[in-house]
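Residue numbering begins at 1 within each chain, and the chains themselves are lettered A, B, C, D and E in the order written.
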Amino acid sequence: MIDVNWLAFSPPLTLLISASFIVIFALFVTDTRISAVLSLVGLFISFGFTVVLFSQVQDAGMVSSFGLRYLADSMSLGFNMVIVLGAVIAILISFDYLRRTGLEHPEYYPLILLSSTGAMIMAAAGDLITLVLGLEIMSLAVYVLSAWRQNSRESEEAGLKYFLLGAFASAFFIYGIALTYGATGHFDYAGIAGVLAQESFNQVRLATLAAMFLLTGLGFKVAFAPFYQWAPDVYTGAPTAVTAFMSVVVKTGAFAGLVRLFTLLIPNISAVFVQVLVVVLLLTMLIGNLAALQQRGIKRMLAYSAVAHAGYLGMAVLAGNLAPSAIVWYLTAYTFMNTGAFAVLTLITDNQDHGDTLERVAGLGSKRPLLAAMLTLFLLSLAGIPPLAGFTGKVLVFGAALQTGYVYLAVVGILTSAVAVVYYFRPIVYMYFRDVEYEPINHTSPATYVAITIAALGTILFGLLPGWWYALLRGGEQLIANM
Amino acid sequence: MIVGAVGVITLKQPVHAALSLVGTLLTLATIYVGLEAHFLASIQVIVYAGAIMVLFLFVIMLLNIQQDPGPGAFKWLRPAAYGVAVVVGLALIAAVTQNTPPLPAPEIIDATLAGGGPEAIGTALFRDFVLAFQLVGVLLLTGIIGAVSLVQRKAVSVQEAETERPLEAVSS
Amino acid sequence: MTVAIAAFAPLITLLGALTTGLLGKKLKEPWAGIIASSAVGLAFGLACLAFIGLTQTDSVRVPLWSYLQAGGFNLSLGFVLDRLSVLMMLIITGVGLLIHIYSLGYMHGDVNFSRYFAYLNLFVTAMLILVLADSYLLTFIGWEGVGVCSYLLIGFWYGERVNADAARKAFIVNRVGDVGFLLAMFTCVLAFGTLNITEVGEAARGLESGSTILTVIGLFFLLAAAGKSAQLPLQVWLPDAMAGPTPVSALIHAATMVTAGVYLVARSGALFAQTPQASAAVAWVGALTAIVAAATAFTQTDIKKILAYSTVSQLGYMFVGVGVGAYWAGMFHVFTHAFFKALLFLAAGSVIHAMHEEQDVRNMGGLAKHLPITHLTALTAVLAISGVPLLAGFFSKDAILASAFNSQLVAGYGSHLLYLVLLGGAAMTAFYMFRWYYLVFQGEERFDLETRRKLHESPMVMTLPLMILAFMSVVAGYLGLPEFAFTNRFELWLAPVTETAASFAHPPAIIEWILMTLSIAASLGGLGYAYWVYALKNGEPAKQWAQTLGQFTALANSAFGFDWLYKRIFTRPAEQLAAVSSESDKVVVDDGIRGSLTSVGVLSKMFSVFQSGFVRAYALAILSGVALLIVVVLVAGGGQ
Amino acid sequence: MVPTEYYVALSAIIFTIGALGVLTRRSAIMIFLSVELMLNAANLALVAYARQWSAAGADVALSGQAAVFIILAIAAAEVAVGLGILVAIFRYRASSDVDGLAQVRL
Amino acid sequence: MSLLLIVLPLVTSLMLWLPMDVLAKRMIAIVGSSLTFIAALVLPATRVDVRWLPGLEAYFSIDSSGAARTLILVAALMVIPTTVVAGQVLERHKGTFLALLLLMQASLNGLFLAKDLVLYYIFWEATLIPSIIMLGVWGGEKRREAALKYLVYAVTSSFLMLIAILALRPLSGAASYRLADLLVATPQLAPSVQISLFLGFAVAFAVKVPLMPLHMWLPDFHEQNHPSGVADVAGTLYKVGAWGFFAWALPLLPAAAASLSPLMMTLAAITALYAAIIATAQTNLKRFLAYASLSHMGIAGVGVFALNATGLSGAMYLIAAQMASTGGLFLIAGMLYARRGSFEMDDYGGLAKSAPTLAAISMFVLFASIGVPGLSNFPGEFMSLMGAYQAFPVLGVVATLAVIAAGVYGVNMFQRVYQGQETTPVNDVSLFEVLVLVPVVGGILWLGIAPSPQLAQIDAQARLGAQRLSVPVHGEVVPENELLPEPSTVPDTAPEETPAPVPEEDIRERMPDTLASTSWSNLQNLVGGN
């Protein structure tokens, strides 16, 4: 009989229901700000369920639903929290932003919620079909959001590019699923792992090939090299609020899928896969950081930095049972600092999201000191300067890689982060060490301020007191730990 | 079937290409029959070749898309693409056809798949894939909301948007 | 107890320095001098007390405070008041007092009157610390302290670039010596684990004579001593140091500071006595310096520079004394030399004062009748330094000569040759000193009437010290009569401190008498010949010589080209090295790093080229990636 | 019966052709068609493997066929959104030439 | 209260961000820095140990005993006049500068106090930011280039150290990142592993020491900082490279330290001499001071790599002392700049005539800086060089030659600025300036005349380090059990079994010959005795 644990499934379900409700609601009430508030309520309820589950998980190990096809363990719940956090901040950023830029359309917030739902499903997926569905739910919503600004070439391009390449990559992923099935006869992780672990298993090559295709599909979403090229263009072209959202939530969802899938696959398929992954990560870190060095626009720089951070996160994937906690932790920090940075950007760029070049922020330190200070804080954290959250995240990820023996990976990672410091510092240099060159744009938005405050507090507090969250993430039982 | 597929990617007129894809999909349906997946074969014909492809053709006609403009600015891309594709194709074939175990006896196949009828598929779908099935609904919902949200807006003229052009070019 | 009180002497002079220094120009003119002089006078009183006290006891230790501790190495500061240090104290404070008093007159009217006395008191403080120290480290503190004060006083009139340059040179050359001192200390710690002078001495006694480690320490100390005492090859700074006020030259660059090197060797007697190699090096450095400096003195024309080279030469004698193991003899010459050389300088100061800053002896002459007191006292000193019998210099110099001849310590290193060299040096000394005397005080007057009209004898405050010093120059020698015939009080006094492992041959008294006669002959011969050359022949033979020797004269005139040489092998290369390094530091290191940054930039540009913005190109990149993945799997994906 | 290898090889060929189509066609809608081709290649492989796995029991074998059903739905949803985006864009630009989408770049 | 040493300046710094009158901010800064100094002076040593990041087994563990106390004390002393000057002379954002200065002090104190490697790293990086901002905001014409250069050097190197830190515990299997736990585990690492890790640390520390050839950021850093010299003072407090070697790299990786110390000491000795020689050719006051300071750090470096208690203590003491002397010189350079608006020495000359007191104080501080005995730098310099000489006589001699060059550059500078033909007269020191310089002069005298109490503290720690490095300490033999690190106090993380101390013979075998015996028979060979 099918066991359906509704509580386990409640976080995404709540979001789904809220989304549906808001869509219908929007037919009658046109003010999107009410939708935003409703979305926030939905997210909080979802968060509440997550917390309840989380405390259960701490005591009772994993909670699953639909057989082992939906897994609520401390890892997926951790991811859920990050997703909720990212969505909340994104919504706060969007609150005034949409109105200001004329992008107020009723489906915006439902799509954000649906995308978050998809990401949560990816995090909890216990089989490949669920995973790909979650992936598609998340992606389709984000494709649409990227193209949200229809009167802008950039946004339109971003949407179409993202969609075309995304569909292309999904095709690889789906083909990978087919091959996995061919090799193992299963879609569910438990079954796959069972077959792979058998002595008599003789389809290693096919399984490895499948893993490669799966890597291509998910690697596209998290922007691993050489599948990263969409990211800078899409991040730049999409409305900044959407960029903030997808830079964290999409990444979280994709990494959630990646971690569970590959920690399961890696031990049982050809070692060459790990080597390939290592090369991919090296390339990702190198390209992300080096290309970011060239950028004059902060948004685009952050896009490349997102590529680089994907590389760092990927390192933890290799770390076996250390991986989930390290990755969730890192993503928590990343969500705070990255959305924070984008939030600041929305306040200093014009309605077309232009004006994020370095020259434009020159002298911001004296014109808008608080905002500049906040941006500085986020950039420093992204650069991995202690005692901010980004540092601890890096330490955990690199530590995990070192602990599993990927020393040179960690070395390259850290060296490239040294390069990264240069480009993260450049805006700071411009903001503080130069005089004003342009009259700054003076947007104000209480909701965005709230978002920035949350992000800043998170960046600082998680940096100063990293221990409790990590301990929670390590608590409970996780699927991968069993395997 | 391969001819159909090649047609999809070579025919200059989008309508021709789409029709070529329809042909491919229909061929595929026959292959499904040969593989004891009767239900899927029918779905393939009805939903894919029928509904989805009609949608495609509709959009092609609606938007009045003309023939593919040819290689365009990236002349080097096409040969490179062919090269890479040949590598991918050959390597993929080589990889997937290695070490395949022998087929089970036809009786076993028949017994297990039961011709891939709706009943068999339904059982699988609603036992193991019940979550997935639900999620398909969510996915479609998302697709619909997304599509509607994009298409249903009031159009803003491009000129208007273009005059609000950037403070400075983003590229440097 | 009375002895220990003397340990307050440095404190008193330090207070003097602080008072005069901090109050500065607020003090009206004579008061700074009076305060400083009374401080030194008080210190002198304490030294006398200690001297009296030490007739009862050998030495008194005054522990101060713990200074360094690291690893097993502990070092506490402390003073030791023994007969050697108190002797030096007496010289320093005694001569120092006289020179302070003299300076009251000499520095009259200088705008920086109180600064001058502050420096002078500070110098006395540092010098007292140097001599009282019970450890090499504290000695070194004083050692550098006197160097700093010397720097300050040489550059006292820093407005003139020459003076500042001279000060700089003195400081830097002294630093070279200081490095020797540091290395000697390091080696001591390495070898013995202590820097306490007594302990080092005892440890050295425990080692085999001639141990390499002792020689190394000894040679490092020699470098240090050579720096401070202006011996070859570090003698170059002292003549330039005459840029300072003349009383400073008298006190620092004649009577006290420059003898610190001698004191150091004498203090380390126990150590040097165990290393004939280092001792011989000391002696030979001294001997060579003695004649090289003497030869240089022949041709100089600056009234103070002649004296400076003479000082260098006499310090050479002292080095021989301590080098051959006759520590008392070296110290004895320090003692007597302090009087007559201070006297010579002060007399020269008096002359310069009278001549209104004229320093060239070619523009003097016949001053005897204008400056009677100065003349008489200067004559006494000239005779004393020349080694005329019965005056102080005779006894001390003769003691050194005899010791050199008899030394067993350096017997293997040409002790007799040393003797001969010194004997020649003695004759040369007599010659150039008489030349000095004659050119300044006798002969025709070679200055204009204007100068002549203004000529005047110096005031009492300046001539009184001259007279006292003259008196001492006569009588000081009687403390150290030759032991083969008389009681040598000086040697006995110092015996507890300088008793040595070094032994001396005791030839029959007749040999000793002959040696003494020889040295008398040398000094009288030198004087006589000089009298012939300058008084009778009016300097003509000297000119002929100069022509005959040609190049050599020029060489001697330039002090044998040490300055010229050092400029080429040290100063200029060092300057060039500094300039080149400074540039290369900017260019090579900096641009090297920048270059690597640029390469990062190029690489990063390369990646942006791929970012064409075209969907199909991106798709190609993806597919290429996949192609590679598949190929990898095909090639290597079989096994687990 | 025709062995699985042949079907899988055919699927690989179709997949490659689809991928090639993405690379060579400039029209967005044609690229989209090519992607459909790739998805169908995956479906073909699934069906072929489903037959292959029939020895392992009905659960295993039929799940492959069920997956095809779901992938079909995914394709449908993608089509909805993709065409939506295309239509939206076409309201401003009368071209589906993706090479025109190169405004945003370094 | 060790925590107070971090919290006091931190809280003061945070208070300064509040909106209030500039004068009030200045007062708060002065009071805060004075309180910190008093706290450092009178409070007894304590330790704090709290679990902080469980995944990494990092602890918030600080301990205010040992050498840290001296460094903190002198730094606190120097911060007081710096706050006074900064509040007076800066043209803009005074409050922010003061806040940054105190923030820097807080993190610097944390850096010295940290007894957990990860915590140490955090403070290490935290010190970087204020110093860069000080340079970038208040700096001179080319401040951005200088800041970028400094940043690249500092960050690249410290990230290398981060790798080493992160790898250290997994590789060694230590129970936590606390020093005590690491000390138990790390000697078990294979020498080759130790060397790789050591190199990671060494690069970071070498940049901060700085050692040739990683020093190029330093002259620009100092030249471009605010002319008043206040930020430079902060720079002189920020000499954490040698500390890193002393407190972490050497004791944790003894085998690597032993085999790499000849190389490192060669670098340090060359740095000492090379920088001193370059300093003689500088005409810009600040560049001059930068190179002079570099030379001092080279000397501290040779002390550290001597690997014996003498050298280690000396190096630490020298670092503390140069805070006062070099810092004082930077303040004086700032005063000169205020008078003449230039750092070119050629624009000065003969100032001693019109400003005798300034000249006297300058000379005093300058002499302290070039190591005249009885003043602050001498004890440290002496012991550093002595330690170096004991370990490697030849390198010791090379480094000692820097003493001569120091004499040259010292008197060069004095002569150019204060002596010679008098240029336009300037004002002598004001009462304000005298007050500023009083702590400097006091510190120099205190450190120079009675170094013993501070050295005793330093020495206790240095001996531990030296014992681990197993270089025979001259004199006494310290009993083994006294020197074993205290085992961790938290039971669940305490190592199950304390590994037996490595027999001394073993370590000696790994060491190069020059180190294995510093007996003077060996020395005889080195000096070529007959």
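Odds and ends about this structure:
As a convention for this text, a contact is a pair of C-beta atoms (placed from the backbone, for glycine too) under 8 Å apart; a residue touches a chain by one contact, two chains touch by 3 or more.
Keep in mind that this is a model prediction, so the values were computed, not measured.
Looking at chain A and chain E, the chains that touch each of them are C. Compared with chain D, the chain whose C-alpha mean position is the greatest distance off is C.
Put simply, the chain nearest the middle, going by average C-alpha positions, is E. Looking at A-C and A-D, the interface holding more C-beta pairs in contact is that of A-D. Computed centre separation for the pair chain C/chain E is 36 angstrom, with centres defined by C-alpha atoms.
Centre-to-centre separation of chain A and chain B, using mean CA positions: 27 Å.
Between chain B and chain E, the centres computed from C-alpha atoms are 67 Å apart. With centres defined as mean CA coordinates, chain D is found 3 Å away from chain B. Along chain C, residues 608, 611, 613-617, 619-620, 623-624, 626, 630, 633-634, 637 each make contact with two or more other chains.
Within chain E, the positions touching two or more other chains are listed as 152. For chain A, the set of residues touching two or more other chains reads 129, 133, 136, 140, 143-144, 147, 150-151, 154, 160-161, 164, 168, 172, 179, 182, 205, 209, 232-233, 236, 291, 294, 300.
Contact annotation for chain pairs lists A-B, A-C, A-D, A-E, B-C, B-D, C-D, C-E, with touch applied as defined. The touching residues of chain C, counted against chain E in their complex, run 21, 24, 65-73, 115, 137, 140-141, 143-145, 148, 151, 155, 158-159, 161, 164-165, 167-168, 171-172, 174-176, 178-179, 182-183, 185-187, 189-191, 193, 212-213, 215-216, 574-575, 577-579, 581-582, 585, 589-590, 593, 597.
On chain A, the positions that touch chain B within their shared complex are 2, 16, 19-20, 23, 65-67, 69-70, 105-108, 110-111, 114-115, 117-118, 121, 127, 129-130, 133-134, 136-137, 140-141, 143-144, 147, 150-152, 154, 179, 182, 188, 202-203, 205-206, 209, 236, 296-297, 300, 350-352, 354-355, 357, 360. Contacts from chain E toward chain A in the complex involve residues 51-56, 118, 121-126, 128-129, 132-133, 136-137, 139, 143-144, 147-148, 151-152, 155-156, 159-160, 162-163, 166-167, 170-171. In the complex of the two chains, the chain B residues touching chain D come out as 1-2, 5-6, 8-9, 14, 17-18, 21, 24-25, 28, 31-32, 34-37, 39-40, 43-44, 47-48, 51-52, 55-56, 59-60, 62-63, 65, 68-74, 77-78, 81-82, 84-85, 88-89, 92-93, 96-97, 100-104, 106, 108-109, 111-114, 116, 120-121, 123-125, 128-129, 132-133, 136, 139-140, 142-144, 146-148, 150-151, 153, 155, 158, 161, 170-172.
The touching residues of chain C, counted against chain D in their complex, run 608, 611-616, 619-620, 623, 626.
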